[in-house]
Amino acid sequence: MYEDLKNQLYEAHLNLEKYGLVAYTSGNVSVRVGSHIIIKPSGVPYDKLKPQDMVVINMQGNVVEGDLKPSVDSATHLYLYNNLDDIGSIIHTHSPYASSFALLNQPLPVYSTAHADVFGVEIPVSPYAPVGTEAIGKAVVDVVNQARAVLLSKHGVIVMGKDIQEAIRNAIFLEEVAKTAYFARTMGNPEPLDKEEAKRLFEFHHKSYGQKK
Amino acid sequence: MYEDLKNQLYEAHLNLEKYGLVAYTSGNVSVRVGSHIIIKPSGVPYDKLKPQDMVVINMQGNVVEGDLKPSVDSATHLYLYNNLDDIGSIIHTHSPYASSFALLNQPLPVYSTAHADVFGVEIPVSPYAPVGTEAIGKAVVDVVNQARAVLLSKHGVIVMGKDIQEAIRNAIFLEEVAKTAYFARTMGNPEPLDKEEAKRLFEFHHKSYGQKK
Amino acid sequence: MYEDLKNQLYEAHLNLEKYGLVAYTSGNVSVRVGSHIIIKPSGVPYDKLKPQDMVVINMQGNVVEGDLKPSVDSATHLYLYNNLDDIGSIIHTHSPYASSFALLNQPLPVYSTAHADVFGVEIPVSPYAPVGTEAIGKAVVDVVNQARAVLLSKHGVIVMGKDIQEAIRNAIFLEEVAKTAYFARTMGNPEPLDKEEAKRLFEFHHKSYGQKK
Amino acid sequence: MYEDLKNQLYEAHLNLEKYGLVAYTSGNVSVRVGSHIIIKPSGVPYDKLKPQDMVVINMQGNVVEGDLKPSVDSATHLYLYNNLDDIGSIIHTHSPYASSFALLNQPLPVYSTAHADVFGVEIPVSPYAPVGTEAIGKAVVDVVNQARAVLLSKHGVIVMGKDIQEAIRNAIFLEEVAKTAYFARTMGNPEPLDKEEAKRLFEFHHKSYGQKK
């Protein structure tokens, strides 16, 4: 089932590793297709992972296809798919720069045009919630607003997109934006962009950037 | 058209990625040849980019050859080619260390001989200007003076050279110099080099360094 | 002897290098099998290391098999195997982020759920002890308590596991957790997780994460 | 001439790049053989460099063999070979972490056992001296004392060894040690090791570490 999507999901996981968003076994990407979710198996190291290891589950979290146990974060992914419209792919990582804001319970302000282009608004922090239940999903939905990414208090990040390509792009740019923000913050006091200008850049970027499909 | 230059441009883009100056789809390099500009297509991930994807445009920004849409930063590149003499190649990136100075609206002082060798003067910051119009190009021309690089307020960097090889070298060294400056600045208060000495090093370096063509 | 374990040990060493925990010749991994220890030879650069270079020693530190001299840290490894139950593999590195806490004689608090998941408790610092004798081993045993990792004052880290796979995972995550902690600490004042919650996360993670063997 | 040494020199340059001590064209390694020095050609990018590009010069700096111009730092290398005993190989880089101490005109204290093992003493800073003459060489000789590495004020580092293998090892470990020192310094106030203990560790390490040739 879903051979092409499993390959895309596999490639997305390789990108997580390439850009330093995950280490060894951490992090996971899922994609929604109809009433199924495809997600990384739990605790498999990236250098052992294969496309056919990806696990297909239904919206109740039961395995539909696959020999391996799905990610322990599956409940979080399912809650988000069930409660957010227009989300086709979800990524969870402990990306070091972005997560350092989460460890401080601080949102990531829109310090740069790159942040505005991709996200349009500051990245909010959701309150602390324990892993393995729906609690993280609920906390994310409460704060997500128009952002496509949320910092999880004392934990990591959730990044979303309408499809795998948008989700992986958002995940890579979140860490890139957080890295530059960290450098600026530890050297001085950067001023966030004006909110209207950030919104304008986001709209321009989403209208003008990239190739038409 | 321009097969050799497209290959050089492709190789320059790979160097941007190798040295961490760009991530996924960000950044672009262009080269001027007669009354044409060759530039990266918009939003194509680096691991999918091919030499033949490079887009040829004229000085009015119209596509002369290529199946893909050129970079959204094309207007900035064109303005600079039209208003600065002796520039044959332009690079735009969000290089993290250099951009952190841009987020703080601070120029990058000549803290090191490596900075003096390559640039001779501090890297100025241009005032904030929105992407996609000539505004960034104008802001850069206003401050560029004798520098071959400019920090774009709350955005990133523009680096220039007489050809692709000089531009890519300048882009790599700008980030290298900014990285060391960042480390020094977060650990203490580095003193800039004397301006005359910086100028002398620049002239010595440009006379003595490298192989004669 | 032990061809399969030597291959696993070799792969573990490659992971140390891949994740930046070691440089050139530094660091070592050992594994216990019956009354033998297999360990990296002393001072061999990672790009020259081969599986068959691994040295087999007995619990008195005498070479049982191998043409090369074992790691100078062998005495530390032996002391730990002789004094800690349930340890099947030991890793010693100077992982830069974790070691910076060791240089400050500061434990690494449980700032993140990732830290709690893998370690459950803060990583303690052992008092300064000279290399090459049993002193480091003793200092580690004194402070290790329920942690599977110890920061060595002004030195580096010792990480342990029931087998090679657990030890290497602990070593990679220790540095990942220390990196994010460093970023948070240099940008603000992160609050550690509640001790009970950290313990609960550790137990949940060890019960639920990964694939059953 | 000297095919084997040119290959070793080439491999040493690749290690400089692998460990991030140099970027694009910067940095150089030389080796002394009899009354000849073999050194990197000036300004050749690392991904274009070949073993046969290495330039053989005599102790007066004249090219003995090679089609390319030798490094602009040749005068510095020659001065050091002429004035320091027991030095068979010299490396010059702008390694970012170590150079940040040089930008602050601060020596690198012996914060860690790894520093003591390899260098035994703090890494001194030589006074500012312009490139391309014997001035840098003289400044290094004045401060080098028993250290095998010197920080060049507002510039970079010089690292030495009795042969290429020792020099490259010293260069890699200098940056590794400086990196951990930087992390500790930006997070707190690390205390240097006692001088006698540092000396003892250096002697133990040089007697016990590695394989006998």
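For reference, chains read A, B, C and D in written order, and residue numbers begin at 1 within each chain.
By our rule, a residue touches a chain if its C-beta (ideal position, glycine included) is under 8 Å from a C-beta of that chain, and two chains touch if they have at least 3 such contacts.
These numbers come from a predicted model, not from an experiment.
Graph distance from chain B to chain C, where chains that touch are one step apart, equals 2. Look at the contact of chain A with chain B and you find different residues on each copy: under half of the numbers used there are shared. Centre-to-centre spacing of chain A and chain D amounts to 43 Å, using the average Cα coordinate of each chain.
The geometric centre of chain C is 30 Å away from that of chain D, both derived from CA atoms.
Along chain C, residues 186 each make contact with two or more other chains.
In terms of which chains touch, the assembly is arranged as a closed ring, every chain touching its two neighbours and no others. By the definition of touch given earlier, these chain pairs are in contact: A-B, A-C, B-D, C-D.
By the touch rule above, chain A contacts chain B in their complex via residues 15, 19, 111-114, 117, 168-169, 172-173, 176, 179-181, 183-184, 186-191, 193, 197, 200-201, 204-205, 208-212.
By the touch criterion stated above, chain B contacts chain A in their complex at residues 23-26, 41-44, 68-69, 72, 94, 96-97, 99-101, 103-106, 130-132, 154-156, 182, 185-186.
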